[in-house]
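Multiple structures follow.
What follows is subunit A paired twice: with subunit B in the first complex and subunit C in the second.
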Partner chain A sequence: MTSALGSVPTGQGGTAPSPDRPTRPSPARAHRRRWARAGGTGWLFVLPAVLMYAVFVLRPLALTIQYSFYNWNGIGVARWAGLDNYLTVFTDSDLLKIIGNALVLIVFFSFVPVALGLLVASLVRRITTGVFGTVVRTVLFLPQVIPLVAAGIAWSWLLSSNGLVNQVLRAVGLGGVARAWLGDFDTALPAVGVIGAWVLLGLCTILLVTGMSKIDPALYEAARLDGAGPVREFFAVTLPSLRQEIGVCLTVTIIAALASFDIVYISTSGGPGLQTTVPGLEIYRLAFSQRQVGLASALAVVLMLLVVLCVLPIQRLTRGDKS
Partner chain B sequence: MNLSRRENLTGRVFLLVLVVVTLLPFVSMLSAALQPRGTVPSGLAWPSDPQWGNFADAFTVANMGALLRSSLLIVAGVVPVSVLIATMAGFGLGQLRVPGGRIVFALLLLGLTLPFEAVVTPLYYQMQDLGLLNTRWAIILPLIGLYMPFAVFWMRAHFSNVPVELSEAARVDGSSTWQLFWRVQVPLARPAIASLTILMFLWTWNQFLLAIVLVDDPAKRTMAGALGAFQGQWGTDLVLLCAGSLLILTPTLIVFLIFQRQFIKALIQGSLKG
Partner chain C sequence: MATPLARFSRRTALLAPVLALGLAATACSAPGADDAPRTGGDATVSTELGSDPITLEMYAETGFPLAKALADEFTKQHPNVKFNIREDQFTVIVENAPRVMASDNSPDIIRLPTMVDLVKDDLLKNLDPYFTAYGWDKFPASQLVQLRVGDGGTTRGTGSLWGMGLGYSVTGVFYNKKLAEQVGMTQPPATIAEFEELLAKAKSAGVQPIMQFNKNTAGINFPHQALQNQFGDPAQVADWIFQKPGATFDTPAALKATQTIQKWAQAGYFPKDANALDYASMVGEFQKNNGLFMFNGDWESANLDKTMPGNVGFFLFPTESAGGKHVAMSAPNTFGIGAKAKNPDAAAYFLNWAHTNATAREIAVKIGGSSPGGPSDLPVPAAAPGTVLAETLKASQQLGEENGAVDFTANATGGIFAAAITPEMQKLIAGQQTPEGYVKAVQAEYAKELSR
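Now for the complex of A and B:
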């Protein structure tokens, strides 16, 4: 969300921020009168969007919250359940494990791409122009453009027992570690994480490179003159200047991790056992296979809150000193 | 000078490695897709006799013609309407600053981080009640609603930065709000609208969850949803699965390569703003 919020003027009544405003107040007032007349028409512009949003997002959202207090199989009569469904979400060991899986995925979907992205971006900050730069950008964006489903299929094959990963391992004499990575209890979740990291690394790298190109070169000169090496330079100049971009990367990738569905559905269907089941997949299963709409909805509400809980602090931290 | 040249080289090598890792899944899928039908491919190996005909088989088996048509219909239903009503709302909130606009905006912000999983169950019952389940409308209508937070946010950001004096000038000329919108504001907003259109196209084409929940028939789904069904049916025939997957992701790749400059710009701005 909203690094842009900072740059959007929030003044009321249409008074655009303009330095010479105080010297000529009358146009502003006249303009205010004119817009007041347009108020009704203005609403006609906003209405269609609000209507679609209310009918297809706010209403279902309210229903999800309502369902979460009932036991309902989707067909028969719904029975009031109070907080029982939430109690189940927070005490059932399977559901807790599933929420835990989503949190583990954050490491792979967020921390790995952001850390690797920072490393790569700081190495390449001068190499973003020319043909090489264009080719690199194009390629790094490919995973972002294709359906996640296709990414899931490609990686399922890559990580399968006959796949490329094991082929390479055998070639370098590590055949002992070779296995069906997505089918093994110990490696399935990290393997799903690797797919997510692959999808998101390019986006993070390009975002960070773009951010770095905006850093004043004088800062680097100054650091060099002070005798800072590449590492000191990175922590003293690069990292602090990229606060906003890092915040954006973290926000986008954390949402992708917590709300993951496509990749897991295609590559493992949540297995083996519950090793890779994530909340999104469990909501789908509970609601449409097991017909426990109430419990599915409670899990959905918890997932929603989890996203907000993770994203809000990042927004606070990274937007802090810009405004 | 010496130092920076060495850094430059390290940077290039790193990027090259990253590019290779990014491309490997595609290459390995291609190598599997070209093996003879009925064999079990093993690792990355260029076949001695590449079976390009596998793609033709996959095209027929996956019913690609119908899938393309379905995806295009869904995109045609979602994108123009979303872009139009979001542009209008962005104009209303960012330029006209309608009374109560802040409340509307706050409500929309609420939806910005909303995972689709949180509303998909009630949407299923809502579509059932409307009699739209298993039709393309079941994907089109909810997607328009679900895109509104981001789309309105995006267009409002643009319109907030257009000086109001511009609208005032048009007012003085005696044009109505509607004329002002179409003749002055929309042409000026073209870059923002173009980026938004690209993003909406991409997100619609790749939408998976709504497609598999709300529509049973793969031929009425989005490309991504159809690919899910294709995997379910042909998951054991790796050669055909890889050929089919490559076919299904080709349209986005082509569109991406044609518009890559705008795409990358849109995606960067999209995540910076979203």
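Now for the complex of A and C:
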């Protein structure tokens, strides 16, 4: 492959010079340039990463797609199933409800943290420096540092029937509202959503604060001279300048919502009923507890496509506007 | 002119790994095993332990100290045998067992989930030769019936022997003696009607009638099956669990049991937050004197004697009419020998020893809190009088005499508990599912799994 790449110039500028023509100062350097132009050295540098990517990402991906066409329990003989598993994913009412749950979680995992993050970021923007700024950033970012499993456990204590949330409610005379938030059919999914919002709010805020610090102060000055208040300033200057950061926030959080597993597994195990079961949890259950590797793989492929479907438009929108 | 070629080679360079992978993935045929010849039960086995130093690999359950205690005692008696014990939560073992047993490091002795799939996949050692060699026919047949699976992993309850129990557990109702006194319960209820009276009394006295978990896995399936066992022929329940052809969950008995559970839920006999309560929280609440009754098994006896000494009693779930036959869920703590085990003879020697050695039987009672099983002519070691352990042991013997042991409906298939019973039971007690719907949903999942 090296010789093929080396002997054929990429032909970027019309007629490419032949290697042995004396227009080049040194043959060795020319060779190196040709290598570089063809991406040879680049490939060498990338090789370890490509290998890891191929073994740990591409191979499992290919295998998952392959498994999705079989009925297989993970050990025994696999039987060809064609598209049956995909048909099940799109017709089983339980599986459709589970995918629906993930879409609901997008509101909590994605829209809430980004909206709140924007608000918090514009409030703390002015205090990014000094000890206080560091404290604020640390506190906000803490949920990102805490393992999701620990967060799930802590929150299931807070939200339990005798947990802090209900204690506070009873203390202020709202005992009638108190309930086992994670065990109640109506509140379980929103309660899980709140945990997710808490985890992801810090990430969004930090990203947005960083983005705001890059905005040219002159823009704000100009807006103020034109008589803009803080609200107008936010919509006219801050928001448009943060397009890319918001795009990143949305992408990361939507993926977190659709592929959520840890928080749900720890706080509710998908219950009560199927109220909080999400695709990630169901894939794991199907593959390991019910031993339907084929159906689990099909659901995984569908989930992957769903993520791509949700994230691609956001990437398009936020990138296209900048260029 | 060179341009298309260059582009081509570049593209090839990019695509090569992806293509290679795609080819590698699809070139190999279907995943999984080929149809391998089954290992028959006719191999010759030895009942000699020998004196060569060996290490038995054991895969046991976290929170089940009996296995390790027995292993330690065995090493004390037979210093040439050491144990290497790996522990996991039971649910993790359920998920891992097939892959662990198919691997090259397959354990010799493993705590088993439902065995049918493992037999089907040829991962377990057939214990029939040991059954003959050790004379296990002297054990009561009912003790080992749950450990039998028909050829090729068809029905359970008949066919070859695939596992043994390290302790044989019994389930029933634990009660808090102080609270019992408070609601005027002088002796365990003799009928379901009496039991329901006590529930009502407790409710009106402001005592939580039943402390039961229903998060993660449906703990309310305990009272449900206790009722179902009484409302119909328990043999019908057993047939369904053993996957006998034609067996169904959609029976009048199951429906009546489900209706009763719904009634109890509506009356507030279960904790209001049962769907948010896991097993550990249930035991914790019961120990805090919150709850008159708790449906559970004798594996908690030793623990309850420690945390609330003298304050706990136990009875087998009462019969529908006075003087009827007691039926209870009772199952061996199943351990099997891997098909790829390196020391199967020593593993079988250990299992036989655990049933017959006097010290081992005492450990089973003291630490495991359950009957050691074994031949019916061996005495069951006594527990200290006045303990709940003594009561559960007595109940276990009584159940044996009445021949009333059935397996758990949760063990009917590998996925029935997680896929149907748990979510549907959570719905039922929250008023999101009807009794008719519950029975039909469980049967539908069962039929779906068996059709695979």
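The definition used in the following text is that the second predicted complex is superposed on the first by the 276 of 323 C-alpha atoms of A that agree within 3 Å, B and C clash if a C-alpha of one lies under 4 Å from a C-alpha of the other, contacts with A are read in each partner's own complex, and residues count from 1 in each chain.
Everything that follows uses one rule, which is that a contact is a pair of C-beta atoms (placed from the backbone, for glycine too) under 8 Å apart; a residue touches a chain by one contact, two chains touch by 3 or more.
Only a predicted model underlies this, so the values are computations on that prediction, with no experimental measurement involved.
Visitor: Does the superposition put A:Arg285 against subunit B (first), subunit C (second), both, or neither?
Guide: Touch partner of A:Arg285: subunit C, not subunit B.
Visitor: For A:Val104, using the defined touch cut-off, is the partner it touches subunit B, subunit C, both, or neither? Pick first, second, both or neither.
Guide: neither
Visitor: Looking at the overlay, does A:Leu219 come into contact with subunit B only (first), subunit C only (second), both, or neither?
Guide: neither
Visitor: Answer with first, second, both or neither: which of subunit B and subunit C does A:Leu58 touch in the superposed model?
Guide: Touch partners of A:Leu58: subunit B and subunit C.
Visitor: Tell me which partner touches more residues of subunit A in the superposed arrangement, subunit B or subunit C.
Guide: B
Visitor: Please work out whether A:Asn73 is in contact with subunit B alone, subunit C alone, both, or neither, and reply first, second, both or neither.
Guide: It touches subunit C, and subunit B stays clear.
Visitor: Touching A:Ala178 in the superposition: subunit B (first), subunit C (second), both, neither?
Guide: It touches nothing on subunit B or subunit C.
Visitor: Now for A:Leu164: first (subunit B), second (subunit C), both, or neither, which partner does it touch?
Guide: In the superposition, A:Leu164 touches subunit B alone.
Visitor: In the superposed arrangement, does A:Leu274 touch subunit B (first), subunit C (second), both or neither?
Guide: After superposition on chain A, A:Leu274 lies in contact with subunit C alone.
Visitor: State whether A:Val124 touches subunit B only (first), subunit C only (second), both chains, or neither.
Guide: Only subunit B; A:Val124 stays clear of subunit C.
Visitor: If I apply the document's touch criterion, which positions on subunit A are contacted by subunit B in one structure and by subunit C in the other?
Guide: Residues 1, 4, 8-9, 16, 38-39, 43, 50, 54, 58-59, 63, 67, 74, 288, 293 of subunit A touch both subunit B and subunit C.
Visitor: How about subunit B: which of its residues touch subunit A in the complex?
Guide: Against subunit A, subunit B makes touches at 4, 7-8, 10-12, 14-15, 18-19, 21-26, 28-29, 32, 40-44, 85-86, 88-89, 91-93, 95-99, 101, 104, 107-109, 111-126, 141-142, 144-146, 148-149, 151-153, 156-157, 160-161, 163-165, 168, 171, 176-178, 181, 202, 205-206, 208-209, 212-213, 223-224, 227-228, 231, 238, 241-242, 245, 248-249, 252-253, 256-257, 260, 263-264, 267-268, 271-274.
Visitor: What residues on subunit A touch subunit C, complex-wise?
Guide: 1, 4-5, 8-11, 16, 38-39, 43, 50, 54, 58-59, 62-63, 65-67, 70-80, 160-161, 179-185, 268-274, 277, 285, 288-293
Visitor: Subunit B touches which residues of subunit A in the complex?
Guide: Those residues of subunit A that touch subunit B are 1-4, 7-9, 12-16, 18, 27, 31, 34-35, 38-39, 41-46, 48-50, 52-61, 63-64, 67, 74, 119-120, 123-127, 132, 135-151, 153-155, 157-158, 162-164, 166-167, 198, 201-203, 205-207, 210, 230, 245, 248-249, 252, 255, 258-259, 261-262, 265-266, 279-280, 283-284, 287-288, 293, 296-297, 300-301, 303-304, 307-308, 311.
Visitor: Quick check: in the complex, which residue numbers of subunit C touch subunit A?
Guide: It is residues 2-3, 5-6, 9-10, 13, 17-18, 21-22, 24-26, 30-35, 91, 94-96, 98-99, 102, 117, 120-121, 123, 214-216, 272-277, 414-415, 418-419, 422-424, 426-427, 430, 432-433, 449, 452 of subunit C that touch subunit A.
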